[in-house]
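Going by the order they are written in, the chains are A, B, C and D; count residues from 1 in each one.
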Amino acid sequence: MRLSPSRRKPHPDSFAIALLRAVLACTVFVAMAQTDLLFAQTDTESGWFNADRTQALVLGIVLTGAILLYVVLAASGRPLFIRKIAGLETVEEAVGRATEMGKPILYVPGLNDMDEVQTIASMNLLGHLATIIAGYDSRLHVPVRKSLVMSVARETVQQSYLSAGRPDAYQEDDIHYVSDAQFAYAAAVDGIIVRERPAACFYLGGFYAESLILAETGNSIGAIQIAGTARPPQLPFFVAACDYTLIGEELFAASAYLSKEPRMLGSLKGQDAGKGIAIVFILAGSALATLESVTGNETVREVSQIVLWLFR
Amino acid sequence: MRRKIPLIITFIIGVVLVTGYFVTRGPFNTLYESFSDYFAIITVFAFILGGGSLLKIHLKRVSNRSTDWPYSVVTLAGFLVTLVIGLFKVGNPDGMGGEILAAGSWLRFLFDGVYNPLSATMFSLLAFFVASASYRAFRARTKEATILLSAAMVILLGRTPVGAWLTAWMPEILGFLELPNLANWIMAWPNTAGQRAIMIGIALGVIATSLRIILGIERNYLGRRE
Amino acid sequence: MRIPDSILHIDRRIIFLLIGAAVCIPLILQPRFQDSPTPIVQSIFDTVERLPSGSRVFLSFDYGPDTAPELDPMAKALVRHTMTRGHEVSFFTLFPEGLGQIKKITDNLLPVEFPEKAYGRDFVNLGYKAGLGGAINTMVVNFRTLINADAEGTPLDDLPMTADVDEMVDYAIILSLTAGDPGLKEWIQFAGDIAGIPVMGGGTAVVAPELYPYYPQQLVGLMGGLKGASEYESALVDRYPAYRNATMDATMRMGPQVVTHVLIVLLILLGNLAYFFGRSGRPGRNDRTDRADQADRRR
Amino acid sequence: MDVTLQLWIDAALTLMILSFLYRDNPFYKFAEHLFVGVSAAYLMAIGFWDHLVPNLLGKLFPSLMSGVVPGAVGRSPDYYYIIPAVFGLLLLTRLVDRWAWLSRWALAFIVGGSAGFNLPRFLDSDFIIQVQSTMVPLVVLDPAGNLLWGASFSHIVLVLGVICGLVYFFFSVEHKGILGHVSRAGIWVLMVTFGAAFGYTVMARISLLTGRMEALGAWLATMF
């Protein structure tokens, strides 16, 4: 896999800055809690802190703490494993195939705007993909529904071509706005698919009902199709009509997988810790609830209430 | 410097909004509440970029006489006519002060006559694609595909009166195996379990990505390093 | 080519033609299928039924014309039910296109079926508000900053029904008809979970599976797709037999549903039979080669 | 406007789009290109009148906008709205090459804002509450203390299903041994979910086509 030198290892400075920011963020939180105490005394009405969200704060600190911890560990050089994500290995093959056939590659970044985290994840993936494509000299076509996404996609792709040493290959007009209307966008992308006959189609981001319209049309021209979305309702259609589908969280993991960048892998490990926490609490909560229902024991009930409180 | 300031902005706004979620009053909270509002406003500015891109692409196609260029004329005409009608409320019975989609206005006619049928018909293509996709994909090739297929079949039949009719002969004790009941059970339990696992995973993905963005670890979206 | 092969690689346009026929023929012949409500739908009906007459109901039309065939029947059934029960209904939408959907109810259904109900006293149209989920958030935190007038600009204080609505919690229940984002999920996240107002409603069959995990803790009940609507209609007819002769859109539209579902099931069975008989001679065929063949044949 | 005319346009455009099912053709191309142009401008106009005018201009210059924004009369300006105005304008610097870098400030605001807005929201609704809803007793008894087989089985399926599904999403461990089996079961749970959701959706899609066919029927009816 081709990687730009700057991606291969993290910049020590930027990492120190990130850590500094984390400390700063914690300080803000603590300061906030302090003001809460201060104001709670002077203000008889209520404190500034929303007490209903204590649990979210506690779990938020635990989860973000776990993620940060692994990011720090990974950055300090601890090797991290990442499991195979079906579909991502074929990316390079798909790009190669497109080049051989002299056909373009279609990238659809979903319908959402930049206010959705999955669009940001999609832009990251587009960056990695563009780096690969730049090395192969095939055309990348990115029709976009939101003009903000267009701006970001252009920046990202241009940067990738630049770092791959092919700034000349970057074509601004290949990343273009279509229409904000969902089905006008779908109609136009369908048109692009049947007329340009891309060898590979990527659908990565937030998708709605148009998912199957695009994927079935792509299927009918025999393109290799790789999809991924964090919008659960559309997953079944991608699973049915595409060759590979990144399911939910896999979309967020894909960028770490492709870049193998230590801090990204560390963050992924932190996410796994989050799932571990979820599993442990589900098991504990269910066991306690079972005990409570079978024995009716008062102590069990109290303990289970505490666990339930943590999750509201 | 050109990269640092954006990262500082990201950090500040990120921390302020996260804080705003936990705080009941003050500027933090105001910002949290108004972010969507602000975003909607900025998006309108972004329309100018989008419209510019659309015009540029299609004008280029027309001037280069590329394949299918006459259709670009259709796009350009549709775009410009609608834009003028929309922005200046042309043909609005109540003038500039009237409701944008007031009954009888030209924009309303474009919406009801053009936008709406096109949108609904594109959407309805799905009825056909759902059939062709299920015909092709629902084949018992592997164990996973077989599970997918079986679940889909139960729901497909269970959601119509035919399902009830097919299994109505079952004795009462096996009532839970009647197709409508089985379909509802699958929706309520295994489906919920799968959806939840996906949702929890996504939540963690969103949390981690957001955190990386706020802390400046994730910065590809800013593009060029200078 | 052997028969199983030609079935496996059937031209998709033949499938398209069959689907078209399966929808059109029942539409012309109009068969009627009887339905009965499942618990998840019944619980919405029961909640609306048990509310004391004159309760305030918030009904959000979070959909546009493209999903209207599925959600309009629910809207009609809910409006008929709430009006019959004498509740005060506030219409609202988070979709710009939702205004048109509200208008269909206030201009066409209400004057015909409930001529005695008056605007401002029995129902109001609060119009469209932008801001997606954030708008709900604002309404819960401070209702009047977002909504201070109805869709026509009449201040809420001048309308008898809304004069003393100051907060979201002044509504007994929130009903949303959902086509996507924002919709029931956001109503649950920003209003139900936070302000404790019971949230329920209907969703297209696409969004419904995503909403199941919220039932019953965070979501009182859910009508999923046309089937959910037809179940609500049957619950309504059971309780108020006067509606037996009214046009029940969802019930009418179940005909094409039934025929197409059966057709799709038959197609899937056929595909599998052909697959098993066609596979015996050639092990190791998979998706990819199938697809390449298919595409090559078409070119 | 004339209802009959509208019915005819409606029917013509519907048939043009449906013709795509046969193959790409000039009618579809025409409808597609018309749709792109009209819809892009339509949504821009709606965005302008529904967001920019009442939410920005109406908030910053209420007295100036009183003619077009109901309720703006007598309101004092809300200066917080300078924030989106500034960032919105910064975004437009993209149009000028020399200042284009300034548009990143706006992007930074939006991306940072979405991160800050979504982090706690997903934590609360999709993590905490979903975990909590899965903490159910594996043995369900009725008030008299008798075992409810069906409900207990359902609860076990739910808890095990969620756990297996979560294990499938573990990225930093190899899916081997016991973990491999559990993750395999996780895939099965996901497959049931996808199959069920797919089957459930077929209905919605057919409803949409029914709606379109009814519209075509109304058009045909005008001819006879």
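Some observations on this one:
Operating definition for what follows: contacts are C-beta pairs under 8 Å (C-beta built on N, C-alpha and C of every residue); 3 or more make two chains touch, one makes a residue touch a chain.
The structure displayed is predicted, hence computed values, not measured ones.
In terms of C-beta pairs in contact, B-D outnumbers the other of A-C and B-D. For this pair, chain A with chain C, the centres built from the Cα atoms lie 30 Å apart. Between the CA-based centres of chain B and chain D the separation comes to 3 Å, rounded to the whole angstrom.
Once the centre of each chain is set as its mean CA position, chain A and chain D turn out to be 17 Å apart. Across the assembly, chain C contributes 12, 16, 19-20, 23, 66-67, 130, 133, 206, 209-210, 213, 225, 227, 257, 260-261, 264, 287 as residues in contact with two or more other chains.
Residues of chain D found to touch two or more other chains are 17, 20-21, 29, 31-32, 35-40, 42-44, 46-47, 50-51, 55, 91, 94, 104, 107, 110-111, 113-115, 117-121, 123-124, 127, 129-131, 133-134, 159, 162-163, 166, 169, 190, 193-198, 200-203, 206, 208-209, 211.
Residue positions of chain B touching 2 or more other chains: 11, 15, 21-22, 34-37, 39-40, 42-43, 46-51, 54, 68, 111, 115-116, 118-120, 122-123, 125-130, 132, 134, 136, 138, 148-149, 152-153, 156, 159, 187-188, 191-192, 195-196, 198-202, 204, 206-207, 209-211, 213-214, 221-223. Because contacts link each chain to all the remaining chains, their graph is best described as complete. Contact residues of chain C toward chain A in the complex are 12, 66, 180, 194, 206-207, 209-210, 287-288, 291-292, 294-296, 298.
Those residues of chain C that touch chain D in the shared complex are 13, 16, 19-20, 23-24, 27, 66-70, 96, 128, 130, 133, 148-149, 153, 155, 188-189, 193, 204-206, 208-209, 213, 217-218, 224-227, 253, 256-257, 260-261, 264. Taken together, the chain A residues at the contact with chain B in this complex read 6, 14, 17-18, 21-22, 24-25, 28-29, 32, 46-50, 53, 56-57, 60, 63-64, 67-68, 71, 113-115, 117-118, 120-121, 123-124, 127, 146-148, 150-152, 154-156, 158-159, 162, 173, 176-184, 186-187, 195, 209-210, 212-213, 215-216, 219, 230, 232, 235, 237, 239-241, 247-249, 251-253, 263-264, 267-268, 270-271, 274-275, 278.
Residues of chain B touching chain C in their complex: 33-37, 40, 101, 111, 116, 119-120, 123, 127-128, 130-132, 134-136, 138-141, 149, 152-153, 156-157, 159-162, 180, 184, 187-188, 191-192, 195-196, 199.
Residues of chain A that touch chain D in their complex: 53, 55-56, 59-60, 63, 80-83, 85, 114-117, 120, 148, 151-152, 155, 177-181, 183-184, 187-188, 190-191, 194-195, 232-233, 235-237, 239-240, 247-250, 253, 256-257, 265, 268-269, 271-272, 274-275, 278-279, 281-283, 285-290, 292-294, 307-308, 311-312.
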